[in-house]
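Next up: the structures, one after another.
What follows is a pair of complexes built around subunit A, which joins subunit B in one and subunit C in the other.
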Partner chain A sequence: MTEASTIAVSAETGAAPGGDVQQDKPRSLASDAWRQLKKNPIFWVSVILIALFVLMAVVPQLFTSTDPNEAILQQARERPSLDGPWFGRDIQGYDIYARTIHGARASILVGVFATLSTLIIGTALGIIAGFYGGWIDAIVSRLTDIFFAIPLLLGGILFMSVMPNDQNTPYLVVVGKVVVVLAIFGWPGIARLMRSSVLQVKPNDYVQAARALGASPWRIIRSHVLPNAMAPVIVVSTINLGVYIAVEATLSFLGIGLTPPAVSWGVAISDALVGIRTTPHMLLFPSLFLSLAVLAFIMLGDAIRDAFDPKSR
Partner chain B sequence: MTTDTQTRKSETPATSQYKPVDGLLLEVEDLRVEFHTEDGVAKAINGVNFDLHEGETLAILGESGSGKSVTAQAIMGILDMPPAVIPGGQIRYCGQDLLTMPEEQRRKTRGPEISMVFQDALSSLNPVFPVGWQIAEMFRKHRGMNKSDSLERAVKLMQRVQIPAAKERVKAYPHQFSGGMRQRIMIAMAIALDPAVLIADEPTTALDVTVQAQIMSLLQELQEERQMGLILITHDLGVVADVADKIAVMYAGRIVERADVFDLYRQPAHPYTKGLLESIPRLDQKGQQLAAIGGLPPNLMRIPAGCAFNPRCRYAQDICREERPELLTVAPGRESACHFAEEVLHG
Partner chain C sequence: MYKYVIRRLLQMIPVLIGATFIIFYMVFSMPGDPTAGMCGDRGCSPAFVAQFREEHNLDDPFPLQYAKYLGNVVQGDLGTNFRNQSVGFELEQRYPITAKLALMAIAFEAVIGIIAGVLAGVRKGKFIDNLVLVSTLVVISIPVFVIGSVLQYYLGVKMGGQIFPVTYDSARPLQSLILPAFVLGSASIAYVARLTRTNLVENLRADYLRTAIAKGLTRSRAIGVHALRNSLIPVVTFIGADFGGLLGGAIVTERIFNIPGVGGFLFTGIRNHDGVSVVGTVTVLVLVFLLVNLLVDLLYGVLDPRISHD
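== the complex of A and B ==
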C-alpha cells in the first residue's frame, strides 16, 4: 500500500489504525435491546412476578404443604385468617391458598405450550407465505383468513364437545386439549404478523446480496430473513402468553377447558360463582392471581417491544 | 502491500469446473429483459451484447432506467421472476449458458465464479450478525471450513481490503462501521471466494467523494491482483475514467456506444454520449450555464419508434424516427448506434 492511501484510510476512520477501537465494544441488536431492558423497572417487576409463578408451577410444595385435594367439609366457607388457612376455605372445604398455588401449573403449562405451538406454526407458515409469495402465499393467506373467521369460543366449545374429558382423563391430556384448541385458533395472528414482517425484510439489500453471493433459499431464510423478522413476533407472543392464560381461564370457567379434578384458576373462579355473596374470598384469590399472571406477561411484552423499537427510546 | 497477499488465488483450492477459453469469461448475447406489470410491459433491456475477458474492466454507463442495473441482476440471476421475464438471449459464462442452467447449479456459480458488490453498503450487510461472521460464512458454506479457520480468513480479507485494526473489529456489527468501511467489507465478501467475474453496481454512489476514490482504487488493485473480469456499473463519468478499459454506454435498454475509455472521452461517436460529456461541470467554464441534455429518458413501456434517443437528439432527422440504428463499427475499436455516427465523431 502506498503511503498516501494509508493516510487516507486513517482519515476516513477518523483515527490512527488500531486506536480508539477497544472502547467500541461490539453491540448487536439483541445486546442493545438487553441494555435497554435492564434499565426498565417494569421489566424487572414482570420478571419477578413471572419467576414466582413459574416456581409455583414447578414446585408448589415450596409455597404450601397442604394437599389441594384435601376437603374438610366441616370447615367449608371458613374465612381467610392469618393463623388458619390464609385464603380461607371454599364450599367443599378445600384450602383456597393451596388450590390457588397449585392452579398456577395449569395456567403456565397452557400459556407456554399454546404460545410455543402458535409460534412454531405461525412463524413457519408466515415465512413460507412471505418469502415465496405467489400462489403459495395466496393459499396460506386464505387458510389464515378461514381460521381467523372462526370465533375462538365457538371453536373451543365445538372441539371440547367432540372430545370431552371425564374423571379418568389424565392431567396432561386435559391440558393438552386446551393447548390444541388455542394453537388451532391462535396461529393465524402470528402467521399474518410474520408474513408482513418477512415482506418488510425481504426487499432489503442484504437479502439480495446474500442471493448474489450464492446463499441457498434455506440459508437466506435462516440467517437473513428470520433473525431480522422475529422481533415483532417475539413481542406479540409474549403478550399472547398472558392472553392465553386468560383464555384458558375463560374456557375452564365455561366448563369446556380444564375440568375437575384438574386444579386451575379458571375452574376455581367457576366454582366460586355459587357462593359469590356468602364466600367472596373464593372468587377473590384465584382472580387476583390470574390477573397478576396475565398482567406480568403483558408488561414483559411491552417492555420487550420498547427495547426492540429504537424509536421509543 | 506485500505483507497481506495471503488471500491470493494460489492459496484457495481451485476446484472450478469452469475454464475460460482464450481468457473469455462472459459473453452476453442479445439479452432481453421485460417487466410484466399491471400497467403493461416495460422493456428494460432490448438486446444487449458484450464480452468480458480476464483482467478486463468494462464500465457500463447510463442514467437511471437505462437498464444497467437490470443487466447486472440478469447476469447474477437475482431478478425477481415474475415480474421480470427474460424472453430471449444468452449469458454464457466460460461457454455455458447461465440462463438455461438448472437453478441449483447456477446458484453455485454465485460467489465462487461470479460475484457482486452492491450500491448501498449501508443496507447490504445483515444488521444482526458481526461483519467477520458474515465474511466467514462464505468460507464455511462454500469451502466447508470450520469456525476458527474461516474467521482467520475473514480477518485476512479485512486486512486485504484495508480495514484498520481488522483483528479487533472482526466481531463488530455493521452499524459500527462508516459507509466506506462497510463497502470495503462488502467487497471483501464479494471477493472471498476468488470469483472470476466481479460486478460492481454503482459501488461508490452512496459514499462521499473522498471515499469514492479510495474504493475505486481498491477495486482496481484487487482486479489487477487477481486478474478478475470487472463490470463496473455507474452513472458517473468521472468514476470510470481512471479505472475502466472499455466503456459501454446504455440508453433505454440498449448499448448505444462502445469504445475504449480514452477514445470515448476524446471523441464521442453518439450524440447521447456527447451530451453526457458536455454536461460534466468544467473548471475552465466558470460562471457559465451548465449544459444539459433536454427532455427525459423514455418511458420503458413506450419506447419511441426508431432511435430511442431521437426526441432528445439535436442531430435527429426523419430517418431517426423511423429506423432504429444498429450498433455498428464506425472506426477501429469504436461502435455506435447512430445514423449520423460519422458526423458526430468528426464534427
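== the complex of A and C ==
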C-alpha cells in the first residue's frame, strides 16, 4: 500500500508537463517518506534479505538441486563441510542446506498470508469503529476486547487441537490452518491501532470539508481517511509478519503446526533441539535462516516507521 | 475515579463471557472421545461411559452445556475435570508458580529493559546506543523456544545446574525460576528497551526539558524525573498488554524447563480433550489479564497527573 501509493505519487509528478515542476510542488507525506527511505541503508539490507527469502520460497531450485527428501542414512549427522553437503546432514541423513532452502516456503507463506488477512480484517473493523462511532464502535470494540484477551499462542494451540493434522494432511491445508488461526487471534491489535488512528484523522479540516461538499462516507473513507490513517498500521503489520513466522515455528515446536514430512524451519528446529549437545549444526542453520527472516521484516518495519515519523529524524 | 473503575469492571463481564464462550466452543468441537484410553486396554463399560457423560453434561446440546458451566463458575465452582481432579484445587496449586514466573519476567522487563533503554536514549548515536539496538534486534528475532533450549544447555547443563537448575526444583523454587523467567521475558525486555529509547529520545528534545535544564536542574534530575516519567507511559502500556502474551508464552517455557505451572496443565488439558480444565484455566487467565490492564490504565494517572479518570 505505502509503496504503491508512493509509486503512484512519483508517477504523477513525473508525468506532469514541464519537467522541473517537481521541485516547486510541495511533497506529499508518502513521497517524502520514500525519499527518506531511499537514503536508509537498513531499508536496503532488509529489502534484499526479504527478496532473497521470497525467491527461495518461490523457486528453491535456483539455490539447490538436491532433493530435500533424499535421505542418506549412512551419512546421518555429518558435520558441515565445504566439499560435502555445506550445512551437513541431519539425523535422518537429509541434506540440511536443501532442507533449509526448501523450508523458506512455509514460513513466507504463513507470514505473508497471515499479515494480509489480519490487515484486511483489522483495518476494516478499525475504520468502521473509528469512523462511525456510537453503538457500532461499542460493539466492535467489545468484540476486539474479547479476541484481544485470548493470547495468540494459546488460541493457536487450541485451534490446532480442534483441527488436528496427520501425516496425510496436504501441506497447503496445514499452512492454511495456521494462517486462519493467526488471522483470528491477530486482527484485534491492528483493529485497535486503526481505530485510534482514524479517530485522530477524523476531526481534521480536510475530512470536514469533504463532508461539507457532500462526499459519501465511503468516498471520505477511501480517499481521505484511509490514506492518512494507514501509516502506523503498515509499520506494525510489517513487524508482525516477522512475529507470525516465529509463532508458526513455535506451533511446530509444540508438535501441532506443520508436521513431517512437511519441510519447514520450525519442524527442523524442533527436531534438532533434541541433539543440541551432539549435533549443534542441525540447530544452527534453520534457526539462523528463521531469525534472519524475522529480523528482515522487523528492520523493514522500523525503517518505514522512521521514514513516516518526522519526530524521529 | 470509582465511577471509572466500576464502569471498566462492568465492561469486563461481556468480554469475559465472550472469551470463555469462544474457548468453550473450540474445546467442545475438539475431535476424539474423552473416555478413550481411560480404562486401559479393555475399554470402558457402557455403564461407565453413560455415567461419565451424564456427570459432565456431555450429552446436552452445546448452549445448555455452556449455560450450566457458566452457572457453576458464577458460584465459584470451576468443576472437576475428566480425571476427577478439582480444577479449582489444581489451579490453586499451579497459579502461584506461574504467577511468580510471570512477575519475575516482568521484573526483568522493567529493570533490564528500562535501564538499557535509558542508557541508549541518553547517548543516542553513540556506541552503547548501537549496541542496545543491535542486541535487542537479535533477541527479538530468535524464537523463545530456541533461546530457552540454548540457555538451558549452556547455563544449566554445562554449569552443572548449581546456579541455574536445569529443570524445576521444588526444593529451591525461586532460584529455579530465574532462568525460565529471563527466557520468558527475553523478547519483551528487548521491546521495552527499544520503546523506552524511542520515547526518551523524543522527550529529550521537548521544550519542557530545555526549560528544566535552563532553570538549573542537574542533567540526571532533568532526565530521571522529567523526561523518563513522561516516556514511561507507552512502556507501561506495553507491559500490561504483554502480560497476556507472557501467560501464553509460559506454555512453551514451562514445557522446556518442566515447571509445574498452569501452562503445562493447560497443554495436557488440550491434549487430553479435557474441556473443563482448559476452560477453567483460561477463564482465570483472561480475568487476570483484564484486571492487569485496568491496573495499567489507573497507573497512567500516577505517571502523568494530567490524565484523570473522572
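Heads up, the rule we're going with is that the second predicted complex is superposed on the first by the 288 of 313 C-alpha atoms of A that agree within 3 Å, B and C clash if a C-alpha of one lies under 4 Å from a C-alpha of the other, contacts with A are read in each partner's own complex, and residues count from 1 in each chain.
Here, a residue touches a chain if its C-beta (ideal position, glycine included) is under 8 Å from a C-beta of that chain, and two chains touch if they have at least 3 such contacts.
Everything numeric here is computed off the predicted structure, so don't read it as measured data.
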Which superposed partner A:283 touches (first subunit B, second subunit C, both, neither): second
First (subunit B), second (subunit C), both or neither touched by A:227: first
First, second, both or neither for A:219, with subunit B first and subunit C second: first
Touched partner set for A:209, first subunit B, second subunit C, both or neither: first
Partner chain in contact with A:150 - subunit B first, subunit C second, else both or neither: second
Interfacial residue positions of subunit A with respect to subunit C in the complex: 142-143, 145-154, 157-159, 161-162, 164, 242, 246, 249-250, 253-254, 269-270, 273, 276-277, 283, 287, 290-292, 294-295, 298-299, 311-312
Of subunit B, residues touching subunit A in the complex: 1, 76, 78, 107-112, 115-116, 118-120, 123-130, 137-138, 141-142, 162, 164-165, 168-169, 171-173, 176, 178, 180-181, 186, 189-190, 210-211, 214, 217
Partner subunit A, residues of subunit C touching it in the complex: 11, 14-16, 18-19, 22-23, 26-27, 29-31, 137-138, 140-146, 149-150, 153, 157, 198, 201-202, 244-245, 247-249, 251-252, 255, 266-267, 270-271, 278, 282, 285-286, 289-290
Parts of subunit A lying in touch with subunit B, wherever the complex brings them together: 1, 5, 8-13, 15-19, 21-22, 24, 26-30, 204-206, 208-216, 219, 223-224, 227-228
